[in-house]
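The two complexes that follow have chain A in common; it is paired with chain B in the first and with chain C in the second.
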Partner chain A sequence: MRGRPNLYTEYKAEMGLFPSMSKKIAIGLLALIAILGPLAALPFLGFAGDASWLILVNKALVFAIAALGINLLTGVAGQVSLGHAFFMAVGAYTAVVLGGEAGNTVWGLGLPIWIWLPAAGVAAALIGVFVAPTAVRVRGLYLAFVTLGLVFIGLYLWRNLGKIAGGPGTGRPWPELEFALWRNMDPLVSFTSDGPLWWWLTPVNWLPWVHIEEMDGEVKTFFFLVVLVAVFAIIAKNLMRTRIGRSWAAIRDRDIAAEVMGVADAKGKTQAFGISSFYAGMGGALFASVVGRIIPESWDIFLSVEFVAIILIGGAGTIVGTFLGTFFVVLSPRIVENVTGFLATQAEDGGPFSWLGSIFVRSSADDWIGIVSYPDAAGPGLSVAQLNIVLFGVLIVVFLIAEPLGLYGIWLRARNYWKGWPFTY
Partner chain B sequence: MAFVTAPLLEFENVGLSFKGVNALTDMSFTMTAGELFAVIGPNGAGKTSAFNCLNGVYKPQRGDIRWKGDSILGMRPDKVAELGIARTFQNIELFAHMTVLQNITLGRHIRTNVGWLAGAVWYGKAKREEMANREKVEEIIDLLEIEAWRSYPVGLLPYGIQKRVELGRALAMEPELLLLDEPVAGMNLEETEDMARFILDIREELGIAMILVEHDMGLVMDIADRILVLDFGQVIGEGTPLEVQNNPNVIKAYLGEELTA
Partner chain C sequence: MTTTLEQKGSPDLRDAFPSVVWRIRDWAQRTPDRVAMRDKDFGIWQERTSAMLWDEVLTAAHGLLSLGIRPKDVTSIHSEDRPEWVIFDFATIAINAICTGLYPTNPTAETQYLLNDAGSRVHLAEDQEQLDKVLGPGRVAFPTIERIIYVEPRGVRSIEDDRLMFWDDFMELGREHKDQNPGAVERLMLEVEPDDVMTLIYTSGTTGPPKGAMLTHRNVEVAVAHVLNDPGRFAGGKGENPADEKLTYLPLCHVAERLFSSWSFAYNGPVLNFAESIETVQVNLREVQPTIFFAVPRIWERIHAGVIIRLQDATRFKRMISGFGLKLAGYIGAQRVANSGDFTFGSRVAYAIGNPLFFRSLRERIGLRHCRYASSGAAPIAPEVLEFFMGLGIPVYELYGMTENTAVATTNLDGRVKLGTVGEPYAGIGFRIDEGTGEVQTKHDAVFQGYWKKPEATAATFTEDGWLKTGDVGVWVDGTHVKIVDRIKDIIITSGGKNISPSEIENTLKTSPFIKEAMVIGDGRKFLSALIGIEYDVVGDWALRRQISYTTYRDLTEKSEVIELIQGVVTKANGKFAHVEQVGRFKLIPKELDHEDGELTATMKLKRSAMEEMFGELVESMYS
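Moving on, here comes the complex of A and B:
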């Protein structure tokens, strides 16, 4: 055999999770912000410790777990599913039956989190694998319709299974994020109550200006979720960079060629459904637990569509895109509301943006110019919630047409732009 | 106990039709391990259809296809692949959003077995497997001289390079039989010579049997051991390049000209 001067053997470093130094630094900085931000220990991010923001951030983290699942199924394996809300509900109801308190009208076993949380994922995954044989027969839009059917079947079930879901319109309370060894035992760690994170942490004053002995419940929930999200993101990445993830991407890009190269199509799709549903189940259970009480009507098509929006706006098939999309979709309603409120005040007080406010906002029943009614002016005009739906709709269309890689693609472009700076094209 | 080893591949009276139109009629041939077998014939003769029958993509209505003596008729494409039958496609069928590395590594699918659980954990089995994959893939990248394109999504690559990546993906399967569907179609002289060199390298260094479907008669006559000629789905000639060039049926089908190249 001839000599091979060009054979490349220095790929060890390339195959790490964060292959370049800049990626390592970025993830380190992110971790630092995640630890110090909520403790209000960072100079410019003091607001990050604000409870109302943290509640929203926590919701985004919970959604991120479910979104990682839809990213594997839709972004990586190319199977467009509108059934995510259904699988989230399966997880949430598994959690509440196992971990919730029994009542006169509802079942509940009161088991601890280390049972109900994994069980939520497993139950959803099992149902996912169970419906997969039907789902793998159809493609594209048909698959979207079939999975949408699941959502409607689910809604019917949740409304009628009072023992599990609580009554229509009322729902039932979910178990809290607290770690006990067994039912009726005092929790060793509570991730929801105010107070020290952990009894043995209190005596040590880790950072003098950070008062961990009087941590808010939201901050503790945040830490719990951040760790969980990081673990699940790494697992998703690992799946994507090994045999199974490659077979998914191959099925997505060209299913017949994938089969001819030895990929079992139905098996790959079934695995994608199962694993994606596991993520959905975990996400659903955590979502319900963080919110505290969920009515059966919540697991509707709009919840599913939100996840499709996350994938399309963030960028299909990438972990970074999944996070960008999730945070965008969860946080933007709040931002839109704040901006609308700001413009409304400007219009009223005659600030520098009052002209924009008076065009954009309908502030009273006899104000006929404006797109958004704020606060709740009667008559025509969108509500803030409706404006958000319109915004997502427009953004999905824009990204589908102009930037299929979503926010991730925009970020890539920006990065490449600055990489070449000052020699830009 | 018979001591006669079965041939690598046999087609026996294979017949395939689409809504009454015969794509293949009574196609029969036999090939042995390590052989470079060529299938030629005018457009629409049924060459690609024969590959699709072998791969399990099409199911022939008549006849039998045997691999090492056992019928593989009705087998799923992925099961056929697991036997060690790899393929490139006439119209490139790469995974467009995956990089060159990922495309070629996908070819390792049948030679690896890490499942979802070990994959999710990464450390241990999955990491070892990925490292071994990478070593194998880098050898192929070196063999096919596509180092410069390693981390590009294949959709962005020039046509000639895509053809090579497709060959690389098939080689990563470590096949016993490689099906090449018009590997030099649409290529200029230099690219054609490169590809011919790769095909000969594969034969000499790796000893893989090949079925070559190609319209470039110069190439076929130069490198094939044996040639099968198809016309309208029927075998009209078979033999060494010299025999085929002198076969009157073949000369008639091709109007005599191209064959003497």
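Moving on, here comes the complex of A and C:
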């Protein structure tokens, strides 16, 4: 009802995808930024088109797909899993066997993307469904251990299945993101190579300050991924707000009570593992493809922990939180690096933050005060990468204690503050 | 849906008297698919179109015919507000029978009295709770009742009683009757005369047992023309129309809610939204955001108190802003009061600052964001409360009327508001204040026919020259506006011989969020005293914050801190009155007042005689 957002005349309106006008506007703005940003067509936000940033953004988008999966499993259905890296690896290796080029030491069928990408998801989902019954038997910490076991089994397998994974320490190249009809045919669209502006983006040039004719490969990859991510996010949102999602939430809150209410516990958990693994498989395949070459040792416990960090920092059980978490986790190393660099320069050249820089950064072997060694990890200080891991650890602890809903929870609080205006409750 | 309207055998109703039911049919013909009512069920506001509504009314009317109800028979309803209430009422009117409503809070004894006094033949009881009041005393206690229809089947199905009938079965009966006798209801609608009794509305009975006021079709027509459609009541001149939204939440058996909801819908077509219950009014208000809103002073006081309390509980920054906002509101309110309710330049500027900052969101939170006309009536209200809402930009107009004159007496008009008065008499009605007694008297076509089966009581309500005696003492203010002093019988004459109106003092006391009830005593005494009932939630909350532990309501009223708190309120209120009108002593009532226990009427008015009897010792202790 117009002007009466709380007057629901049907259930549909209440659980709508974008229930309010402000949400619709926000989504529209986001879409606009997503189109204009990478093309460097936004005033003041030109840096968004910078390739070095775009590579990170693309990585974040790929991670977002996998993170959506773990958020459905852990955030919505309440099944703790440390095995996400394993499922991603399953997807990635399925993709490379189906889509990669055969070599002397590796298998590869050279099939096009429309086969290898879905197949990556399906293969991971099948294994997920196979693993799911254990979740019916064990829960909480024990389930975390069981899924952690998967990661180690996986690591052993990838190291030893050279035909699939390439050699330890070397890995193998992944198929590129390009759309062809069949093997060995010329690709119709490439999402990785530089080329002219896609025709459907030409309206961008109508903006008076914009003139674009060429597109970088990264920009194309970005558009390809952003569409995929949008589709997956909508699917995840729909799962959450319909019957399946409600049954997952019931299982999360109390699986025994859920069963008493008539929610099939085993079925729900199996669905959760299956769908979550599908997301992981797709994410893994895309991740490997975007990076280009991955060594078998990459699919380790740290990758899994990174995803736990994503949902805990972003906000368990929410779509927006997934994105906030992914972008935070993927982009923060770069930001930390930039900040550290800035502080190091300040300490050296003098500036308003030079005092902070001299305390924080350990710039040379003689400088014995400092936490981070910069520019290189010489001496006892932490490297930037190590600092990041420490930072994630600290953040996980802080968020778990102070803000269990993560960044999304902070947003929620800020929103409710204004929503309740001028009251507090 | 429209097929029911063109049923064969349905007579031409063009020349029939346009009763409320005729108008319901008319809406269904003119705008069949327009939403007419919303009713919240499982969290969703289920909608009914005009055509659906008429179809149900017609079916229910056939059902009544099939149960043997004939013109002039009486039916009764004992239910919370819900669409079935209105449908059953309209269905009764359609066959020219008489419908009366009971308050959901009416206890068993009163139910028995009311149903027998009215002589109801078919009774609609909402649920098990209301059914128990009829089934409990047994069949002999209700000699006239032939059928009892229930709407909520929960807990009822196991009861064996051949008078019981489920609403759906009743409607099924109606459908059968409709198929067999098409046009039977319409033919009866043709026979309606303007002076036929349409409904019995029982007065709340602050003294003695309730009396059923007989209101006719003409009464209602005149009342709608004045109270709802008087030109000049609405800012901008746009009267009630189908685009308006209303919240139906006060008991429909009272003349005010019937007038503002069901009759208003019949004549002007606003959408009726049925609140879930009186407890959820504030939540439902927020959802519905009505454009036209009527409330009794108790509700306005509750909203006012709620706002003040919740603002106090807000975070520091919000408190700062709202403190500033309230100051602005106070200024605007005072300016508008001084300027007949209109904005002045200064208040307009203040409003332009305060509105985006504070007022608009506050109005949204209390559910009056879209409210373009609000009114208060049925009991006197403290001017401070009205001023508060005026300051927030909610135009609240006080009006005055009573069941016996179908609420037609006086109203405040847009741009001509005088706070503390009930406004000006409607144009073209007979209105006078008796010079001898000061009693307000009215004479117009909305004055009722008389009390049901009580000719002596009827005769006693009219003067010799045929004017209705309202029982209220009024005075003219500036020659145009009327101020109601009090009920004649409530006026206190102190031992010093001074005439004092207790309600003014009581209302000032009740402006405080801590005070729910107040009764000023002093008839034949040296000074005034008061019995005060505290607002349990608010005072309880206050006590908790000060770490005053308490167990029950009674325990809370005995805490010295609480007595001190109320003393502060009383002292502050006393400052507004002359010395003889000041409350010298007060006592806190040790229990929450209740309709069931006989201290309040169904409309939550104090029964003074009952109070004096019940708390006689308490009163005496103040004078000893």
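Please note the rule applied: the second predicted complex is superposed on the first by the 385 of 425 C-alpha atoms of A that agree within 3 Å, B and C clash if a C-alpha of one lies under 4 Å from a C-alpha of the other, contacts with A are read in each partner's own complex, and residues count from 1 in each chain.
By definition in this document, contacts are C-beta pairs under 8 Å (C-beta built on N, C-alpha and C of every residue); 3 or more make two chains touch, one makes a residue touch a chain.
Quick caveat: nothing in here was measured; it's all calculated off a predicted structure.
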item	value
Which superposed partner A:Ala264 touches (first chain B, second chain C, both, neither)	first
First, second, both or neither for A:Gly317, with chain B first and chain C second	first
Of chain B and chain C, the chain that contacts the larger number of chain A residues	B
Touched partner set for A:Ala288, first chain B, second chain C, both or neither	neither
Touching partner for A:Arg246 - first (chain B), second (chain C), both, neither	first
Contacts of A:Tyr8 with chain B and chain C, given as first, second, both or neither	both
Common interface positions of chain A, toward chain B and toward chain C	4, 6-9, 11
Residues of chain A that touch chain C when the two form their complex	3-4, 6-11, 14, 417, 420-425
Interfacial residue positions of chain C with respect to chain A in the complex	38, 43-47, 245, 286-289, 310-311, 313-315, 318, 321-322, 325, 358, 361-362, 365, 369-370
Chain B - residues contacting chain A, complex	55, 57, 76-78, 80-82, 86-87, 89, 93-98, 102, 105-110, 112-116, 118-122, 126-127, 129-131, 134-135, 138-139, 141-142, 145, 147, 150, 169-170, 173, 205
Chain B partner contacts - residues on chain A that touch it in the complex	1, 4, 6-9, 11-12, 15, 235, 238-239, 241-247, 249-250, 252-254, 256-265, 271, 275, 317
